[in-house]
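I've put the structures underneath this note.
Two complexes, one shared chain (chain A), two partners (chain B, chain C).
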Partner chain A sequence: MGTQNGLVIEARKLTKIFRDFWHRPKVTAVHGIDLEIRQGEIFGLLGPNGSGKSTTLKMILGLLHPSSGDLTVLGKPPHDVAVKARMGFMPEESYLYKYLTAVEILNFYANLYGLSGSLKKERVEGLITQVGLTAARNRPIGEFSKGMARRVGLAQCLLNDPDLILLDEPTSGLDPIACREVKDLLLGLAKRGKTILICSHHLADMQDICDRVAILLNGDICTQGTVQDLLINPDTLRLSLPAPPRETLSAILDYIEQETGRRPVVDHTGRTLESVFIETVTRHPSTP
Partner chain B sequence: MMLIRTTAIAWLTVREAVRSKLLLSLTSLLVAGLVGLPLLISSDHTLAGKIQIILTYTTTFATTVLSLTTLWIGCGGVSAEIQDRRFYLVITKPLHRYELWLGKWMGIMVLNVALLALTGLIISTMAHYTIQSAQEPLKEKRHVSEQFLLAHQILRPLTPDWSKITVEATQRLVQSGRIPEKMTTEALQKKLIEELKIQRFTIPPKGGVLFSFQRPAAETLGHDLILNYRFDSTRPERTPVAASWVMGNTPAHQFHIGVTNYPGVPATLALGDDVSAATNILTVAYQRLDDDNQATLMLADQTQEPELLVPYGSFEMNLMRGLFVILCRLAFLAALGLTAGCLLSTPVAVFVAFFIIILMASSGYVEFVATSGVFYVPHEGPAPVQTWLDKMILSLFHFFHGITLPLTRLDPVPLIATGRVVSLEMTLQALGWLVGLYSTIAAVIGITLFNRRELG
Partner chain C sequence: MTIGFKQFIALAGLALTDLFRQPATFLLVLTNIACTILVPLCISHQLGQQTHLAVDSALAFEFVFGLILAGYAACSTLHNECRSGTILIIFSKPVGRLMFFLAKFTAVALLLAFFVYCSSMATLLAERLAPRNFEFDMLGIKLILASPFVVFIPAGLLNFRTHRSFVPTSLFFYALTLTAMVLILSTLDREGQRVAFGSMVDWRILPACLLEGIALLLLAAIAISLASRLAAPATVTLLLFLLFAGLVSDHLAGLLASVPTAGFVLKMILPDLQSFWPADKLSDSGALSGAMIGHAAVYATAYGMGVLCLGYTAFREKQF
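And then the complex of A and B:
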């Protein structure tokens, strides 16, 4: 599925310089980055606007040519058709043909993947159900909401059962439930050995699902590592315990302050707004 | 696999045209134009005039509309999808860019085939209906039908071997020592040919001229042979000339048709099918009957010579061949549009492609410049001296003339409109030149540019 060294994407000194009409350098969007993404991991590419993450993604997709450096995807140059056959891509915007229905557009993309007959029908029907578009399957994409169009975008990305999945802002435009479903779907795919590269601004979503992340700034990778390593603060602990009587808590805090020289911070453990929303909506009687 | 992908792109193009109501708008425009134009344009109030207007204007209208649309769809086919980034999801699929280009081209051609088929159906129906519903006498209707709703092969008169004749004449002049001084043999022969041609085609009062045609191999199947001719007079006033055509080789098979013609006006004569039954060479003689001293000159230019139209095949088959030639032109325009769209944004691509079309439309002037070597004919005095810039531009004109020659020569509209056959040779030439060569060159350039283009 992967390559001999287990690297699905490998970039060495990858650079992209945009030039003007006279071929003079205009902007260096990506500045000699090194990147290694292994099989089965979910890798997050983070960064502010203009940091070079979309340019990096486009080079991996073969839409842009690197100015210098080496880039291999699944062991081959990114523009190789054999690579594209094993790759799925979901862009940030739903660049879909608005006059086609959900089924028609998936059939069209399935044809481009060379799928035919029962396999094509099985994949299309399965994905329509999986992304929750059964009721809207025969409506033109032009009539879809942004979230529904995103679901079609996700379905087309999985048509070929890809080994490498590239996602640009995958949860953008989705409601929290759909967002959770997408995240669960991606975690499931990663468990099946699929490699996933995500570009996103939604740091909470990235924290939820990514194994490793890289933070880009002005075309350079500033930080790279596992989410756990990046988030952990080894000097601080968080302890959750049943709320004790006030006197007992005060004695514990005094003791800790005496031992460490710092007064601990105490607050109530709370739920995230996402978990409250999901619980409220899923338990509501009108929810199917 | 490649076929599945290319067909998918082609069907997407067709589906887009259908769903975006482009096909419906185009069909409505074509139907309205094809039916409405002959009603709007007045003819000479003869049935033949009406039919000629139907055939000329409808075919020209359909060709123009489809050419512009093809170019527009071609330009937008690639560039618009790059611009609105719909290609992101297509290019990232496992297909080569040439498959994408080819699929788009095929899609446009499917639309063109459908619209040309509709055009053919409407033109044919209108032409037949106009003749059938006309108030003219049956004989006139039959004559018009024979003239226009039948494909005719054109036969030109057999021409004398001018070089042999002039060589012999030159030898006689040399022997008799009557060659003017300072005149080369070549110049003399050239002058002799000109004089002999003038002699041949000048018909004095009571005079005549004989034309011989090689009889066609095919049967006429009961249809008329048609003789087209035109005379010009040496006098400015256009008084009618009475004459008699004598058809047939031997007195036993000869028959006479009396005619009165105005100089400068094209005339048509239906000969029936009897004359086709005799020998391999058909002779047709023109004998002036008037004794007026008006000299009637039949110009030596070959286009002014009489022509014999011999039935060749059905109008419908001829129309189909003509529409196929037009389809080949559209194939090239689609390739041109797609190629422009591969490199440029939609408005710029459309501008460039239309500029090329306008240049092609000015092929008459291009041909004049390329063949005459001057940009204009001066009213007085000698032609101005050409600078190096003029010479450079002239060579550009030569180049462009060479390129556009097949496009301008392969025009079936005048043939369809005058009942002349669109030959199989012409259709094959159109296929070879316009599809096989020109479209392929456009495709190679377009695909190469498209492969190199970044889609950021």
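And then the complex of A and C:
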């Protein structure tokens, strides 16, 4: 499924310089980055607007030619058609034909992968159900909300059961429940050995699902590593315990302050707004 | 069926479906039909040239509306896909750029073939409807007036009952209705009496429309090549310029007679559209020969292939 060294994407000194009409350098979008993404990994590419995330993604897709450096995807150059047969891509915007229905679009993309007959029908129907578009399957995409169009975008990305999945802002425009479903779907795919590269501004989503992340700034990778390594603060611990009586708590805090020289911070552990939302909506009587 | 051929069919088929569902296509095709059919009813002077005027006007409408449709369709299917980003998804699939480019051209060419068919039927009707001896063909007029009801009501009902898209259904129903009207009027004279099939129809119009159709395919090749880089307004403007320059290319070359090389280069660059203007050849009971159409087809194929090669070169280097 992957390559001999287990690297699905390997970039060395990857650079992209956009030039003007006279071929003079206009902007250096990506500046000599090194990137290694392994099979079965969920890798997050983070960064502010204009940091080079989309340019990097487009080079991996073979839509932009690198100005210098080496880039291999699934062991081959990214523009190789054989590589694209093993790749799925969901762009940031839902670039779809607005006069076509969800089923027509998916059938069309399935044809581009050479799927036919029962396999095509099975994949299209399965994905329509999986992304929750059964009721809207025959409506033109132009009538879809942004979230529904994103679901079609995700379905087309998974049509060929790809080994490498590239996602640009996959949860953008989705409601929290759909967002959770997408994240669960991606985690499930990674468990099946699929490699996933995600570009996103939704840091909480990235924290939830990514194994490793890289932060891009002005075309350079500022930092990269596992999410756990980046988030952990080895000098600080969080201890959750049932709320003790005030006197006991005060005694505990005094003791810790005496031992460490610093007064601990005490707060209540809370749930995330996402968990409150999902619980409220799923328990509501009107929810099917 | 190989995967490559299947991909080509899928790309061309989807582009054609998308083009047929666009309201602009609907409006351009129907406006051409309406202008073609209504002009003979509006001719105010009676100099014995009514049928000649009706056919000339119809052929001119076909050229101009066909050109606008070629420019619009090429930009809608290629430039707009590049601009909107749909192409990002297509090229993330195992699809080559040459196949994509040729599939888009094929879709535009098929749309134009449909347009030329409708226009041919409308031109046959226009010739029949032109007043003769100060008298209109009332039977033909009644059929024309009934046609919107025959087309739009069933298309609307189908849309209501089955959610079938209204725009392409109406277009196909209009093509069928025009064909039926031509067949009916081919068997009846102006008083509604049965006559030998086709005796009341000027069939010389069909090869004339075919010749214009070949010219429109040549213009479609130019349009799709321009659309790889330019938006619709610029593409249609350049096409209009090429249409007028192509129609007077001999005259322009003559102006440069003192500089033979410049005249030769100009003749090579500009499409020789004079060879595709059939109205003059139809006057005075003339007809278009098979050799004439064959010669025009060979020229259009050679010129079109050259233009497509240039267009593909520009498209191949494009970065998204």
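Everything that follows uses one rule, which is that the second predicted complex is superposed on the first by the 288 of 288 C-alpha atoms of A that agree within 3 Å, B and C clash if a C-alpha of one lies under 4 Å from a C-alpha of the other, contacts with A are read in each partner's own complex, and residues count from 1 in each chain.
Please note the rule applied: a residue touches a chain if its C-beta (ideal position, glycine included) is under 8 Å from a C-beta of that chain, and two chains touch if they have at least 3 such contacts.
Just so you know, these numbers come straight off a predicted model, no measurement behind them.
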item: Joint occupancy of chain A by chain B and chain C, clash or fit; value: clash
item: Which superposed partner A:55 touches (first chain B, second chain C, both, neither); value: first
item: Which of chain B and chain C A:21 touches, first, second, both or neither; value: neither
item: First, second, both or neither for A:89, with chain B first and chain C second; value: both
item: Which superposed partner A:138 touches (first chain B, second chain C, both, neither); value: second
item: Contacts of A:111 with chain B and chain C, given as first, second, both or neither; value: both
item: Footprint overlap on chain A, where chain B in one structure and chain C in the other make contact; value: 58, 61-65, 81-82, 84-85, 87, 89, 91, 93, 95-97, 99-100, 104, 108-109, 111-114, 116, 140, 153, 156, 160
item: Chain A residues within the chain B interface of the complex; value: 18, 55, 58, 61-65, 81-82, 84-85, 87, 89, 91, 93, 95-97, 99-100, 104, 108-109, 111-114, 116, 140, 153, 156, 160
item: Chain A contact footprint on chain B (complex, rising order); value: 1, 4-5, 7-9, 12, 15-16, 19-20, 84-96, 454-456
item: Chain A partner contacts - residues on chain C that touch it in the complex; value: 3, 6-7, 9-11, 13-14, 17-18, 21-22, 84-96, 163, 165, 319-320
item: Chain C-facing residues of chain A, complex; value: 58, 61-65, 81-82, 84-85, 87-89, 91, 93, 95-97, 99-100, 104, 108-109, 111-114, 116, 138, 140, 153, 156, 160, 166
